[in-house]
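Below, chain A partners chain B and then partners chain C, in two separate complexes.
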Partner chain A sequence: MHPTKPAAWTNTPDAEEIARRQTVNINIETVSNNISTDYPGHFPGEDVEFTIERFREAFSVNFHQNDQFLSSFSLVGIDASLSNAFRRILLAEIPTLAIENVYIENNTSVIQDEVLAHRLGLIPFKGGREGLHNFLKWHKKPEVGEDPYAGCFDWNTVRLELNVECTVNPDASPAEDDPLKAYNNAHVYAKDLVFVPTGKQEEYFSGENAIMPTNPDILIAKLRPRQSINLAMHMHKGIGSDHAKFSPVATASYRLLPTITITKPILGADAEKFAKCFPKGVIGLEKVTKKEAAKKGSGYEGQEGQAKAVVVDAMKDTVSRECLRHAEFEGKVKLGRRRDHFIFSIESTGQWDSDELFLESVKHMKLKCKKLEQQVINMAR
Partner chain B sequence: MPREEYQVPTGASGAQRGATRDAHESRAQMSYLCGDCGGSVTLGKDALVACPHCAGRVLYKERTKRMVQFEAR
Partner chain C sequence: MPGRTKKQEDPVEDTNMEDAPPSAQPEDVNDENVEEEEEEEEEEEEEVDPQRVKILPGSTDTAASFEFIDEGHTLGNALRYIVMKNPDVEFCAYSIPHPSEPKMNIRIQTYKGTAFDALKKGLSDLQDVCDVVADEFWAKRDAYNGEHGIDR
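Up next is the complex of A and B:
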């Protein structure tokens, strides 16, 4: 016999089903539905093949914050594999300039040479963009036995110097017990590092484009009278996968957009308690309207004017799951995360602008794909 | 230093083979720093190990005058 109604799976998915598919459920102690299913062949009869047109149509970017060194934006309609690739490229593959070699002539401070060198390496620097991104090229580490300076040129090495000596401040009162007033140079800061331009570096790094620490007040060492530090440093370009000091970001991370669904009304004192389970601004209180109160089976019957909890801005939620711990909200709320909505946050260390960093990560990703494409072509030949 | 670079010292090059210390008569006077008063102390070959300024008996060797290279890692 021929079935009168086609099977349920032959229907195109409705909005509810689509919402179910793109939500990761956050339960009281577990996380479920955490695997993407939007690939060909998963749902019979559905065509979900990846095409660039479909991607273009579904994809969107919107910025929440775009300061020079801190940006936050949403990528919507993208798979976790891609946005994670961008994140990893941001952390480990975008080059920056950092101190790589330290040549210590003298260091009589209490901080050991190797610790001092390590501290110096971690200081983030800024400088002229054109010089940093285009003029400066990679430096090749010399082989053992090779002249260590033969590969150093103005286009791959930046020289810095640090010469400080602590002395007693003759103007200070003898009873002064603040070392910063009693002595000169009691603290050595990042701003004490002196950039020594060589060759064509004058053109690219002069005036406000000079190579200098992004945060001039980083404390490097503390000195007491007759202690001194005399050293020179070489900066090279490098990437984060070689050493974290080269990473252009202080943090580059994403989180999925939280979703809060109130499935049954939460009213009165419960609503206030419910709002307190979330960070400020996530849950708001509204009055139950006459229309809602009149509707049978809505849960609002006879509750006109009573306060009810509504979701105002789920993006602000930290997904602490606090609301799931209280018996009075059981079965009334569902927490989840949108699987394809990535809220990125990129904080630059100063050598790049944070929005520029994301574009750079896309550029790197594209380059990787081109390389892979060529290899696939060679393989198929 | 990689092993390949190591060269067995031969008798011809300077110090006698098996000698445990170099013959540096030119630097018989060594300079130290007093651990108590911080003053500079120069000691002769058989001098008493003590600071002439404060009689402190703890003396520290001076830091090398050579440049030392470190990787900032």
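Up next is the complex of A and C:
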């Protein structure tokens, strides 16, 4: 039934075949060759068994950008199922701190209690990393009928308060029609939230490590004189699969590296038009050299000095397929994407550095597998 | 007092705890030890995770389905890929039978060796992959930061 030994004849695919396999074709209306084929038995006589040495050999990372809260890098030589797992973990499984409970004492603003509470929940916060990642632990949701505060401690609950009242600004001229000048506290911003440290939180969250909104100018509510908001909030740790407010990333996404192959020369005015089909910097114009013009069958004969289109940086392409819509480029260009080249872009909301975040997602994945491996072993017993 | 049905007895003076007659229950000699054991048990219960993987009925050694509780596409697809990369595996696929149940099923059929071993190898291969990815990523990150003078 199964091959007891490898076939006596073995295939090694040539460079062209390898390039064909690792390209997803982007055609005018369709995509094709979009399924991974790197499994044992798919191509007879080829050995593509998973070994960690092979993986290490093929895998590489290139950084493009590494700001504190925005990083971009490529993972090359990895399957979509694995890079997608990392992306999914980034979105939904890495814990962060967010407002979970709002205790409203008084709210005479026009914004309803439940809408206000929801808005507060979505505000991203930052704070001391040591405290956020190591000191703060999970909070267990109280059962129905249980004292809701019994499980709240300094190591799992952060208290914030918001007390604002709008008043008429006596210094403003009576004709003033800008509410921000005519009244005090006409706008309530995220920076108005006051962190109230409890117990050991003083140690971890003081000075610039204090818990505060990442973006201080998020508008929470608008008030008019004699309206006020008085409320307290409890923040807990949670994960994105429970609620998107706990997601540590604003976006975490990848795209496959675009490929542009010019199969027949595109010259002169066509070349300029071709370059305009792509974002800036993707296609460049070069002069046809004497050597090229002299070569028969190259398509450059007698075109010395003429402008020709060349691919400068395919990574910048958005794969709009605009070039496929024009008859003059028909049969001269092929668009595609590299199946195993993932350009990640991770934007953090402030509780982690974005490069740390990716590392954390890899650690998460490993821990998950480790726990499940133990479970699988237990299952057999 | 209309509520009272029994004649009120003379108030008996409260007996001292020490003089009180022994309880009808058998007296426990090493009370403290028992309590300690109970505490230990509770702690253990908290630490030991509930069993989240089980083998589904109808499975044989070389063709088995496994049910993972609280796992989804994240692990399902990655595990499917790595198990399929094993040449001993004839077939591997995963499914989430119903979106409102937190369950993920994975089916493994093998040419040789057991499905169980293929699953175990898959999970350990995934851990190796994570190590390689993490090392390479951090090495390149440090190199990039060094080149661009990013100090964090």
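Just so we're on the same page, the second predicted complex is superposed on the first by the 367 of 381 C-alpha atoms of A that agree within 3 Å, B and C clash if a C-alpha of one lies under 4 Å from a C-alpha of the other, contacts with A are read in each partner's own complex, and residues count from 1 in each chain.
Quick note on the criterion: a residue touches a chain if its C-beta (ideal position, glycine included) is under 8 Å from a C-beta of that chain, and two chains touch if they have at least 3 such contacts.
Computed from a predicted structure; not experimentally measured.
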Which of chain B and chain C A:Gly145 touches, first, second, both or neither: first
First, second, both or neither for A:Val110, with chain B first and chain C second: neither
Partner chain(s) touched by A:Asn101 [first = chain B, second = chain C, both, neither]: first
Partner chain(s) touched by A:Met365 [first = chain B, second = chain C, both, neither]: second
Chain B versus chain C as contact partner of A:Met233, first or second or both or neither: first
Touched partner set for A:Ala294, first chain B, second chain C, both or neither: neither
Which of chain B and chain C A:His243 touches, first, second, both or neither: first
Chain A: partner with more touched residues, chain B or chain C: C
Contacts of A:Val196 with chain B and chain C, given as first, second, both or neither: neither
Of all residues in chain A, those that touch chain C in their complex: 1-3, 36, 38-41, 47-50, 52, 55-56, 59-63, 66, 68, 73, 75, 78-79, 81-82, 84-86, 88-89, 92-93, 353, 355, 358-359, 362-363, 365-366, 368-373, 375-380
Residues of chain C defined as touching chain A within the complex: 49, 51-55, 66, 68, 71, 73-75, 77-78, 80-82, 84-87, 89-90, 111-112, 116, 119-120, 123-134, 136-141, 143-145, 148, 150, 152
Touching residues on chain A, where the partner in the complex is chain B: 98-108, 113-114, 116-118, 120-122, 144-145, 148, 226, 233, 243, 245
Sites on chain B touched by chain A in the complex: 2, 5, 38, 63, 67-73
